[in-house]
Amino acid sequence: MTTTNQYNEPAPAAPARDALLEAVSAGVRVHDLGRPLKVGMPQSPNHPAYWHTLPRRHGDMVREDGGSAANDMITMGTHVGTHVDALAHVSHNGLLHGGTDAAEAGRGGRYLDHGVHTIAPMVCRGVLLDVPAALGTPQGCPPGYEVTPADLERAEEAQGTPVREGDVVLVRSGWGRHFDADPTRYTGRESGVPGVGAAGASWIAGRGARAAGADTIAFERLAPGAGHAVLPAHRILLVEHGVYIIEAMDLEGIAAAGVHEFTFVLAPLPLVGATGSPVRPLAVVTR
Amino acid sequence: MTTTNQYNEPAPAAPARDALLEAVSAGVRVHDLGRPLKVGMPQSPNHPAYWHTLPRRHGDMVREDGGSAANDMITMGTHVGTHVDALAHVSHNGLLHGGTDAAEAGRGGRYLDHGVHTIAPMVCRGVLLDVPAALGTPQGCPPGYEVTPADLERAEEAQGTPVREGDVVLVRSGWGRHFDADPTRYTGRESGVPGVGAAGASWIAGRGARAAGADTIAFERLAPGAGHAVLPAHRILLVEHGVYIIEAMDLEGIAAAGVHEFTFVLAPLPLVGATGSPVRPLAVVTR
Amino acid sequence: MTTTNQYNEPAPAAPARDALLEAVSAGVRVHDLGRPLKVGMPQSPNHPAYWHTLPRRHGDMVREDGGSAANDMITMGTHVGTHVDALAHVSHNGLLHGGTDAAEAGRGGRYLDHGVHTIAPMVCRGVLLDVPAALGTPQGCPPGYEVTPADLERAEEAQGTPVREGDVVLVRSGWGRHFDADPTRYTGRESGVPGVGAAGASWIAGRGARAAGADTIAFERLAPGAGHAVLPAHRILLVEHGVYIIEAMDLEGIAAAGVHEFTFVLAPLPLVGATGSPVRPLAVVTR
Amino acid sequence: MTTTNQYNEPAPAAPARDALLEAVSAGVRVHDLGRPLKVGMPQSPNHPAYWHTLPRRHGDMVREDGGSAANDMITMGTHVGTHVDALAHVSHNGLLHGGTDAAEAGRGGRYLDHGVHTIAPMVCRGVLLDVPAALGTPQGCPPGYEVTPADLERAEEAQGTPVREGDVVLVRSGWGRHFDADPTRYTGRESGVPGVGAAGASWIAGRGARAAGADTIAFERLAPGAGHAVLPAHRILLVEHGVYIIEAMDLEGIAAAGVHEFTFVLAPLPLVGATGSPVRPLAVVTR
C-alpha cells in the first residue's frame, strides 16, 4: 500500500523550525513494506500461528448511553507476517552476539540484553537492491537461486545507489509475488527459495548495514527440498555482526515504482525479552 | 527512550536526491513514545492480558552445525501497552463512523472496512500540548481533572505551536508517571484520571486532527470511582469524526526535552479486521 | 494407555456400603481412549492449533526456601486432540438443536444454552462397534468407505453387544492407526476417511444413543478429495437429535483387547459457552 | 451440579457380564466437583488468565447446504479453574520428585517424565474429610485457619470413613463458598485462607493417598497477608511423596449431600509436558 500525505500544509506564514519537519510538510509519499496480518497467511511452522478473534463484537452488549466497544484476542509467534529478528533469535555454538552465553541469557523466560525491545527505532537511509531487475529477470530470481555479492554489486551500480555504513539494505528476489498467490510455494519447502547465502550475508555485514531485509520467509537462500536446516546468513548477520534481519517484506511496490533509495522507518514493538516482532516498515520519499 | 542517528553520513560526494533523506542524513533525534510491553504491565481488564513466553529457548536443541533458534508465543488483546484505537473499536447507537451498521460490519469475525489495517501509516506533523506545564503544574494534572479547550489553547499559545489540519495532537496530563511506579493508580478506577472530556474532544476534532494521543489508559477524563462506563471522547473522535486515538503513550521524555513540535511517525500493525493495535509511535526532530 | 487399579483394598473388615464402590474396589481396568495433546499433532485447520509452552521453568527463579514452581501457557481451539462437540457447534438453516436461533444464541460471545458446559458428565454403558473386525478386515476400513447400518448391526451381532437406549456408541474404523504414523493421511483431505454417513448416523440416533464416538478427525465418512464440505452426520446427530459427538478417539487399544462393552466415563471441561472441549474418555471394566 | 443416570436399563434379559457395569446400570448419581471455567473467574495471577472467545459464530458464514459451524479459541494457564498439579509443577532445592534434576527436566520446553500426561486416570475410592462439619462450624473454617492432623482424624471418625492406601482425599474447608460470591476474598491475599499445613500434608502422605484435593485456590493454609510465598504442602505432597494435588474443587455439593465416601473419577487432559491441567473430577455413588 502506498499512501500520500493528504494533509500538506501550505502554511507559508508558519515556517517550520525543523529541517526534517519542513521536508515532511512539503509532502512525502509513504510506501508500506509490511504485509497485512491475516489468519491463514503463510508462515513458518516453527512458530505459533497468527490467530485473531473478536471476544466482543458490536451487538453483544450496549451501554445505556448507546455506546458499544468491540475488542480482540490475538495469539501468535513473533516471527509472523513481516517481522524483525532480534539478536536473541539465533545463537551459534552456545553463544549470542557479543559472546553472551545463550542458555544463561534466557533464564527467567526472556532475553533482557538481546531481546527485540533493545532494537532502537530506525529512521535512516534505506537502499533497495533489486536483484532480479539488475539480472534482467525483473519478475524474480529462480527458486533456490543464490544471490551473490556480484549480484548485489550489479544492483548497486545499475541503480546508482551504493550501500553506505548505517544503511538498511533490502534485497529483492521477487519471491514475494507468491505470498498471496501461492502460500505453499512461498514457504518453499519443496521448490526452494532464492536469496542471499553466506557470501552475500558477509558482503552486507562488510558494508556496515544496520539491518538487512528480504521479501522471503527467511533471509536465506533455501535449496529445493532442504527446508530451514542450515541458516548461514542468520549466523553471519545476527550472531557474528549484530545486524538485524527483516523478513517477509513486501518489496514489490517500491520495485515497481523504481524507488531504490529512501528514508527507512522501522519501530519494532518493544516486546520485552522477545526474539522478534511483527513490524510494518516504511519507505518514505519526498513527493 | 531517545536515540540518535549514530550512522550519519558525511558523504559529500553523494548528494541526497531527496529532501527528506537529506534532512534525515543530516542527523535526527528519535523520541520513543511507546512503552515496553511487559507481562504484568497496567492494562484495562476488559481486554485479554499481554502474555509472552518462550516455547523454545537456546539450550533446548542445537542443530548439527552449532546453530540454535529461540522463539516466542504471545497472547494479548490489541488495546495493550501503547496502542491505537481503530474506528471499528467503538460504535454509538449501533453505528460505526460514517453510519455503517456496527453489528453487520463484524459478521465473519473481523471489521474489514473499519479495522486497524485500514489506518494508513502516519508521517506528519505532531504537536505535544503539555497541559500541566501550561497550567503551572508541570508534574501533572490532578486525578480526575478535566482538560478543557481553554487549557489546550493555553498550551498552544505558551508553546507557540498551534494545531493545524492533519496534525496528530498529543495531550500530556502527566499521569504517565504512574505507569511503572503505581500500576493500580495508573488505571485509576478509584482515584480517577485526568484527561480530555467531551468539550476537549470536540475542540481537537474541530481543529482537523487526524489522530489524538494521551498518556493515560483511556483518552478520557475518568471521574474518581466511575471506571470506564461512559466514554464521550471516544464517541466524538472515533464515531463522529473518524479521528484515531492513541493511548498509554510515554510523553514524559518529550515533555522534559521541551519538544512540542515534531515529525510524528506511526505504523500500526495491519492486523486485518482488528479494533486496535499495540504501537510504537515516534517523535523525530532534527538534531 | 491401559492402567490397572494398583491400590486394591483387600479390606475384608470394611464392607463397602456402595455397590459401585464395591465393584471398583474389587479391581478395575481403565482403558484410556484419549490421545495425548502434543504440539504438531494432526488437527483440523479450521481451528486454532494446540500450542503449549512453559513461561516459567525450574531454574528460572528459586524462592529463599529452595522451592520453585514451573507453569504453562496454552492456546488452542476446543476441537483439538480427542474432543467432544457440544450442541452449539453446528446449526442447520440457522437453527441449533431444539429450534433455537443460532445467531441469537451466540450474542455475547458464548453459547449459554448449548455450550459444552451443559454436557452432563457421563458414567454409563458404552459399546464399541468394531466395524473392520466384523467385516473381516480388522486392521481397518478402506479410505472413504461409508460405514452402513448393516455394518453396524453386523458388529453388534458378531460381538453380542446390542446398543441400548442411553448408551455411548463408539464406531471403530481403524483409521486411528494413522494418527501418529501419518498425520497428513489421518486428516485425509486427499485420501478420504472411512466413517458413518447419513444412514449410519440416523441408525445411531434411532437407537437412542446419548453420544457417538469415532477414531477419525470428524465423525463422518469423508470422500477422497472432498474435504469437510458437507457433514451430514453432524447435522443428524447434533442438530436433529441432540446426540453429542466425540472425535479423534484412540480405539485401537480396546479393539485389540476385545473390550466391546464397558463403563464409559466422560467429563468434558465445563468451558462456559464453548462449542467443544478436549476430553480424555475412559472405558472401564472389571478386572 | 449433580446428575443422575437417566437412562437406566431395566434389561432383565441381558445380564451385565461385568460387575462394574452392573453397578452402573443399576443407577448411579454423579456429583460434579469441577467449577465452570469462565472468563474473569478467580485464579492465581501467577498463571496466564483463562480467556475464551468465538472466532466463528453461527451467522458468520453458512454452507450451501444450510450448515454452519461455530468454534472457539482459548488461551490459559493450566492451573486455572479446578485443576490438578502434576509432579513437574514444583521442585525443591533443584530437584523434582524422585531426585530428578529439575532444570534439566525442562530442557526442550516440556516435562516428559513428570508432566501431567503421566498421571494415570483415577477410578478409585475417594473420601471427603469435611473438617468444618467435624469441628462444629459446618459453614467453614476461619480465614487462615490451619487444618491439623487431629482435625482430619476427627473428620474421619465423625464420618466413619477412614482413609486407606490408594484413596483420593478431599479436604473441605468451606472456603469454596467464596468462589463465585467474592472472588477477591477467595484468592485470599489479604484475608488468608484456611487449609492444611505441613503437618496435615504429612498426615495425608503417610496414609498413602494417591491424590489430595481442596476447595481452595492452593492446597495450603495461607496466612493473612502472606500470599503464596511458602508452600510446604506442595513440597511435601508433590516433591517428597509424589502425591498429586487438586485445587479449587467444588466440595459444597457433596458436603451438603453428606457424601463422604464415593468412587472418585479423574481424567486429566494428557497435555504432554505440562505442569498441570484443568479437570472436572467426579464423585459417583450408587443411587
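The chains carry the letters A, B, C and D, assigned in the order they are written, with residues numbered from 1 in each.
Basically, a residue touches a chain if its C-beta (ideal position, glycine included) is under 8 Å from a C-beta of that chain, and two chains touch if they have at least 3 such contacts.
Which chain is which protein? Per UniProt: A, B, C, D = Kynurenine formamidase.
Since the structure is predicted, the reported quantities are computational estimates derived from the model, not experimental observations.
K.L.:
Quick check on subunit A (Kynurenine formamidase) against subunit C (Kynurenine formamidase): do more than half of the interface residue numbers occur in both copies, making it same, or fewer, making it different?
P.N.:
same
K.L.:
So which one's got more C-beta contacts, B-D or A-B?
P.N.:
A-B
K.L.:
Degrees of rotation, nearest 5, to put the Cα trace of subunit B (Kynurenine formamidase) on subunit C (Kynurenine formamidase)?
P.N.:
With C-alpha atoms aligned, the rotation comes to 180 degrees.
K.L.:
Which one of the chains is farthest from subunit D (Kynurenine formamidase), going by Cα centres?
P.N.:
A
K.L.:
So how far apart, in whole Å, are subunit B (Kynurenine formamidase) and subunit C (Kynurenine formamidase) when each is placed at the average of its C-alpha atoms?
P.N.:
Roughly 47 Å separates the two chain centres.
K.L.:
Based only on mean CA positions, could you tell me how far subunit B (Kynurenine formamidase) sits from subunit D (Kynurenine formamidase) in angstrom?
P.N.:
For subunit B (Kynurenine formamidase) versus subunit D (Kynurenine formamidase), the centre distance works out to 44 Å.
K.L.:
Could you grab the centroid distance between subunit A (Kynurenine formamidase) and subunit B (Kynurenine formamidase)? Build each centroid from C-alpha atoms only and quote it in angstrom.
P.N.:
Centres of subunit A (Kynurenine formamidase) and subunit B (Kynurenine formamidase) (C-alpha means) sit 22 Å apart.
K.L.:
Counting only residues that touch at least 2 other chains, which ones in subunit A (Kynurenine formamidase) make the list?
P.N.:
Subunit A (Kynurenine formamidase), residues with two or more chain partners: 39, 48, 51-55, 57, 59, 73, 75, 109.
K.L.:
For subunit B (Kynurenine formamidase), which residues count as touching subunit D (Kynurenine formamidase) in their complex?
P.N.:
Those residues of subunit B (Kynurenine formamidase) that touch subunit D (Kynurenine formamidase) are 48-49, 51, 54-57, 59-61, 75, 107-109.
K.L.:
Going by the contact rule set out above, which residues of subunit D (Kynurenine formamidase) touch subunit A (Kynurenine formamidase) in the complex?
P.N.:
Its residues touching subunit A (Kynurenine formamidase) are 39, 51-55, 73, 75.
K.L.:
Give the list of subunit C (Kynurenine formamidase) residues in touch with subunit D (Kynurenine formamidase) in this complex.
P.N.:
Counting only subunit C (Kynurenine formamidase), the residues touching subunit D (Kynurenine formamidase) are 1, 3, 5-9, 11, 14, 17-26, 28, 30, 32, 34-39, 46-48, 52-55, 57-59, 62-63, 65-79, 81, 88-94, 96, 102-103, 105-106, 109-111, 117, 120-121, 123-125, 162, 164-167, 208, 210, 229-231, 234-235, 261-263, 265, 267-276, 278-282, 284-286.
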